[in-house]
Amino acid sequence: MSRWILDHLWLIPAVPFAVSLVILSLPNGRHKSAAVLAVAGQIAALVMSFFAFLPTLETPGFRFVQNFTWFTFGDHALRLGWLVDPLAAVMLMMITLVGLCIFVFSTGYMAGDKNFVRFFAYLSFFSGAMLGLVISNSLLLLFICWELVGLASYLLIGFWMGRPSAAAAAKKAFVTTRIGDLGFFLGLLWLYGRSGTLLFYDGGDGCLEKAGLTMLGASATFIALLIFCGAMGKSGQFPLHVWLPDAMEGPTPVSALIHAATMVAAGVFLVARAYPIFSLGAINGVTPSLMVVVWIGVITALMAALIAIAQADIKRILAYSTISQLGLMMVSLGVGGVAAGMMHLLAHGFFKALLFLGAGSVIHGCHGEQDIRKMGGLRWLMPITFSTYAIGMMTLSGVPLFFSGGWTKEEIQHVTAHWPASRLPYYILLIGVVLTALYMTRQIIYVFFGDRRVASQHAHESPRVMTMPLIALAICAILFSIVLTPAWPWLHDYLTGTAAGVELVRLIQPTLFLSLVLVGAGFALGIWMYRKAGVQDRQRPADTDPLELAQSQLFRFLENKMWIDELYARTIIAFSWMSARLSDWMDRHFWDRLVRGFGGIGQLLGIFTAGIDERGINAGVDETTVGTRGLGRLISAAHSGQIQTYLSVIAIGALALLLFYAWLA
Amino acid sequence: MTPTLQLFLVISAALFSIGLLAALSRRHAIFILIGIEMMLAAANLNFVAFWRFGPQTQPPIGVMIAIFSIAIAAAEAAVGLALVIAVYRHYRTTNVDHLNQLKG
Amino acid sequence: MSKWVDQIFVYTKHWLLTWLTAAPGWIIQTVSSLINIFALLGVFLTLFAVMSVLERKILGRIQNRYGPNRVGPFGLLQPVADGIKMLIKEDIVPARADKLVHFMAPILIAAAAILALGVIPYGRNMTPFTIDGGILFFFAVGSTTELAVFMAGWGSNNKFSMLGAMRAIAQMISYELPLIITVLPVVMVVGSLTPDRIVAAQAEYTFGFVPRWFVFTPWGTTAFILFFVSGLVESNRTPFDVPEGESEIVAGHMTEYSGFKYATFFMAEYIGMFAITGLAATLFLGGWHSPVSALEFVPSYVWFFAKLSALLFVYIWLRGTLPRTRIDQIMNFAWKFILPMSFTCVIAAAVWHYAGRGLRGWLWSLVVIAIVYTALSMLLDTQRKFAPRVYRFAE
Amino acid sequence: MSSAAVVIIAILTLAAALAAATLQKLMHATLSFAVALVGVAGLFFLLGAEFVGLVLVFVYIGAVAVLIVFTILLTRRDVGKERAANWGGAFLAVAVFGGLTWAILKTQSVAVVAPHIRLVTVKRIGEALMTSYVWPLQCVGLLLTAALIGALVLVMEEKP
């Protein structure tokens, strides 16, 4: 079975694609068939991924490559390929598992939507593209899937296109990521120009293998930075992060699947995949490109965590938290901890999907309200949502020992602390841990504790189909930590290709206490700051944030996302607007006149030829026509309209022919 | 006594002429169609007879042509009869003497 | 010994022909043919008589009554009484009927039905007439039935007759197509149009005891069911007896017939039924082969007639169970479901062949059929609610 | 193949054909036409082309004759208004027959006896259809489809 799947790897993305096409062709009312088809497609993908995952367990450092020729131009063949290695295999498992949970959740969440069928078609389409992305063995194929994923994201953010804000958010996401993708594409072309191949692994000739890398030389830094541009766009890193919070306009399952667990992680995955290019020529594990990665990650992580403190929309807080965590992963990759970064990516996939789905469940229960200041007291009304959400929150905050997030964060801290270039990132990350605990505490106090406010008056627990995925994901988030502990760093070894060993002593590390203290500090700070936030007037939203009372300037600054959108509007967008106006003016007043002048010459020529036509040619043609018509009248007299006459004439003709031949013989 | 090719050719000529007779002398469109079908059958008879008496070939060309010609004749009959019905609906007659709209 | 029992009829015929060894070849041929013809007529006319009384008795049992039980032991002599009754009845020909056509119709219809019997293998070495294109012959002859039915309807000069004939022809044409197409997979797989070859191709046993009949393959099962239903329609039996539905149009094209001509129609219907079930047994149920290899000592013709009787029993059973369908339902069923499904059988048989005729082919062809069946039932929307009934009156 | 059988079948065929061409009632003419075609099929059998004969019966009796009969039914009001026979046509037909017969009898190369040939089995025809005649076969399939659709379009009720 595994062998068969490896030989037919294309089936893994193809099945969701096919399902998506089938669903698209369904009539609009077929909710049940659409849901069943989509979930079945996802289950099929999960099963196939599992069988592709199995062989990677057996041999450490397993790598299966299958290349094929896409087309040939001249004597040069453009080749694409599929690839399964531990990196791709764990991504496959994570995407299909989380995806399945989210598909099931969506059948409940979207139940009342009239575009239900279209939603599942898009979702399946996304799933196919994402699966294709992780198993492609060619930067070009990866890029194709990358763009398809972007398209799916665009379609799904703008799913409720009736809302102007959703349409605007979709456009913003598309354009912003496109800026990054432009860089990515340039890097891809440059890489192709230098190494002559886009295959990652090709029996020693791939661009990530020795032969290919030596051809890159000094340009590796620039290629790596250009590729990182794409990763920045997709993963919402600092200058290009502005689209991700707005992307929360899409349905909540979409936010969970695409804008938290899978697609945004594609940037991190890309960096991990192309890591040999980033680390080419490293001195002591540091290269200029990796340096950029680290600092961008640090800035993003800190900035997003700060902004998250001052947001009121439940999904926006989670969005900024996602950005912050992605920054964390980038830091980890940059300082050399590829395995640590990927581990955090996987853990993050589970718990962030859990948090988003929990948020979805809350929103569902509160009849579409997203403002946390209008909620409150949901603890007893939605017990399952509350408990799973709490697990998610503690995992995200990095509570040690029992939660997967804690272990991965510790791993990242560990590698960051040993970065030879600077200690600053390490300290900033520690601040980030406190901030994370703080904003999550704030959110959970607002939503689940205190008294019921406007939106939570008639809240109710969500149906089974929505709570079951929550429970499943919560269990995953906890159980996942088994393979992450330093005592048995199975996943770490699996990713790096070394053999695992169990040593209980390693379980207790100094950093463990440090993070315990930091997280505890964050929680304590949060509880202290927001202790009164829950007890307020029942009918009014909690409009004044404690932080706002204390530091209103700072809160304003953070609430408005550090004015970055406004900055872009004043600079980049204003510039584009000006240049567009200029081109418009040029077109109207300069080029238009030029074209009109040429038109005038043509007109003159036309008048001239018309004269010739009228005088000379027409007269001759008229004469011919009159003659032909006379001849036609003459011949038409022979047509009697009686078919039997015609038949007789034919018979006479045949007879004559017969006699003629007889006479000849 | 075994028959010669001539016998079959004469039979087919007779069948052809009878078909021609039906096609030429009757005024009803369906008779004309029947006549044409008989002429086609006569032609098929010729093909098969020539194949039977001629040198042996692989594939049997005469037989193949007869099969195809039967298939085509079936198509012709279907369309022809559909035409007859369509004409009848329009003109309320199938007498070909009255159908002379194409008179020049 | 068992071989001798198996071949007893063949030996008898040979023994009869030894009297003629001195005669010229064409006489021997003619006499041999005549022997075949008389044997066929004898067997099947007897079977017709038995069937007519058995049908009435079985129908009676199904409807919780006795059925004929007065003439002879258990009413078994009923057909004799019926025959005498039919023979001595007055033969009425309508005054404005087309006399010649009216007369020719029953003859033609009976001739066509009996001719069709001639190509079916009834046992080992017991095919009356071996024709290279035997299956084609069967259908070519069968297709003349339509013309005969039309002649009956037209010649009677009666609107019930005409309507009945039109209905009969419409449904016979519609179902002739699937009938032939469901035979195609068998012909494709065997590579021959000769019934003997088709029977021979089903001779083996898988694992030594499961017979290799085509009905045990997915395409074969599907084709068999479709063939059986189409055959039911072709022989105008309940639930597809619209052409002669007595509550609507008296007796369809047989309205103006009485006496022996009517009996001839009746006989032709039954003989047609025997022919179509015989062909079904030949094509799908292994012809005269025994279902278990251990029972091969039983004479082959016994097996053939056992299969024939089983199928005929199903005919009677269906007649006693199902109500009559409407003509538009019959037509929709033919063109929207049976025809696509029979084409699917052809494809499935091809898949079966190219996947190696083993278990793999078996599964793949099952998949093909399942997919098309599901798609068809989704397209035709079987769950659709019936529209409120609208009564339409004659205009 | 004996001359006697050929002549008997030929006489039957030609008589039926003549009836089809001259009978006043259209229905009788159609039925005679069917009989004539059965005769032609018999000739095919005698010539050793069993398959063609079967196909002829199948197509003509099963399909074309039924079609003609239906058409007669649908255009029934027109039946019986037949004008007297057209003698010019009859004369022409006789002339064609005469010319053809004269030509056939005059040509000595066709006065040959049938050679012994291998029977043309259905299998051989099938193989030929699937190898050297694949193109014509596909074309005929297309033609039949086109004819089917065309006939349907022609007879479709015109919506006012």
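Observations
When the chains are written out, they are named A, B, C and D in that same order, and each has its own residue count from 1.
By our rule, a contact is a pair of C-beta atoms (placed from the backbone, for glycine too) under 8 Å apart; a residue touches a chain by one contact, two chains touch by 3 or more.
Bear in mind that the values here come from a model prediction, so they are computed numbers and not experimental data.
Between the interfaces B-D and A-B, more contacting C-beta pairs are found at B-D.
Mean C-alpha positions place chain B and chain D at a centre distance of 6 Å. Separation between the centroids of chain A and chain C, computed from CA atoms only, is 64 Å. Chain centres here are Cα averages; for chain A and chain D they lie 70 Å apart. Residues of chain B in contact with two or more other chains: 20, 23-24, 27, 97. Multi-chain contact residues of chain C (touching two or more other chains): none found. With touch defined as above, residues shared between interfaces to two or more other chains in chain D number as follows: 51, 55, 63, 70, 86, 88-89, 92-93, 96, 100. Per the contact rule defined earlier, chains pair up in contact as A-B, A-D, B-D, C-D. Against chain B, in their complex, chain A makes its touches with residues 635-644, 647-648, 651.
Chain D contributes residues 25, 27-28, 31, 34, 50-51, 54-55, 57-58, 61-63, 65-66, 69-70, 73, 119, 121-123 to its touches with chain C in the complex. By the touch criterion given at the top, residues 644, 648, 651-652, 654-655, 658-659, 661-662, 665 of chain A touch chain D in their complex. Residues of chain D touching chain A in their complex: 86, 88-89, 92-93, 95-96, 99-100, 102-103, 106. Only residues 1-4, 6-7, 10, 13-14, 17-18, 20-22, 26, 29-30, 33, 36-37, 40, 43-44, 47-49, 51-52, 55-56, 59-60, 63-64, 67-68, 70-72, 74-75, 77-79, 81-83, 85-90, 92-94, 96-97, 100-101, 104-105, 110-115, 117-118, 120, 124-125, 127-129, 131-133, 136, 140, 143-144, 146-148, 150-152, 154-155, 158 of chain D touch chain B when the two sit together in their complex.
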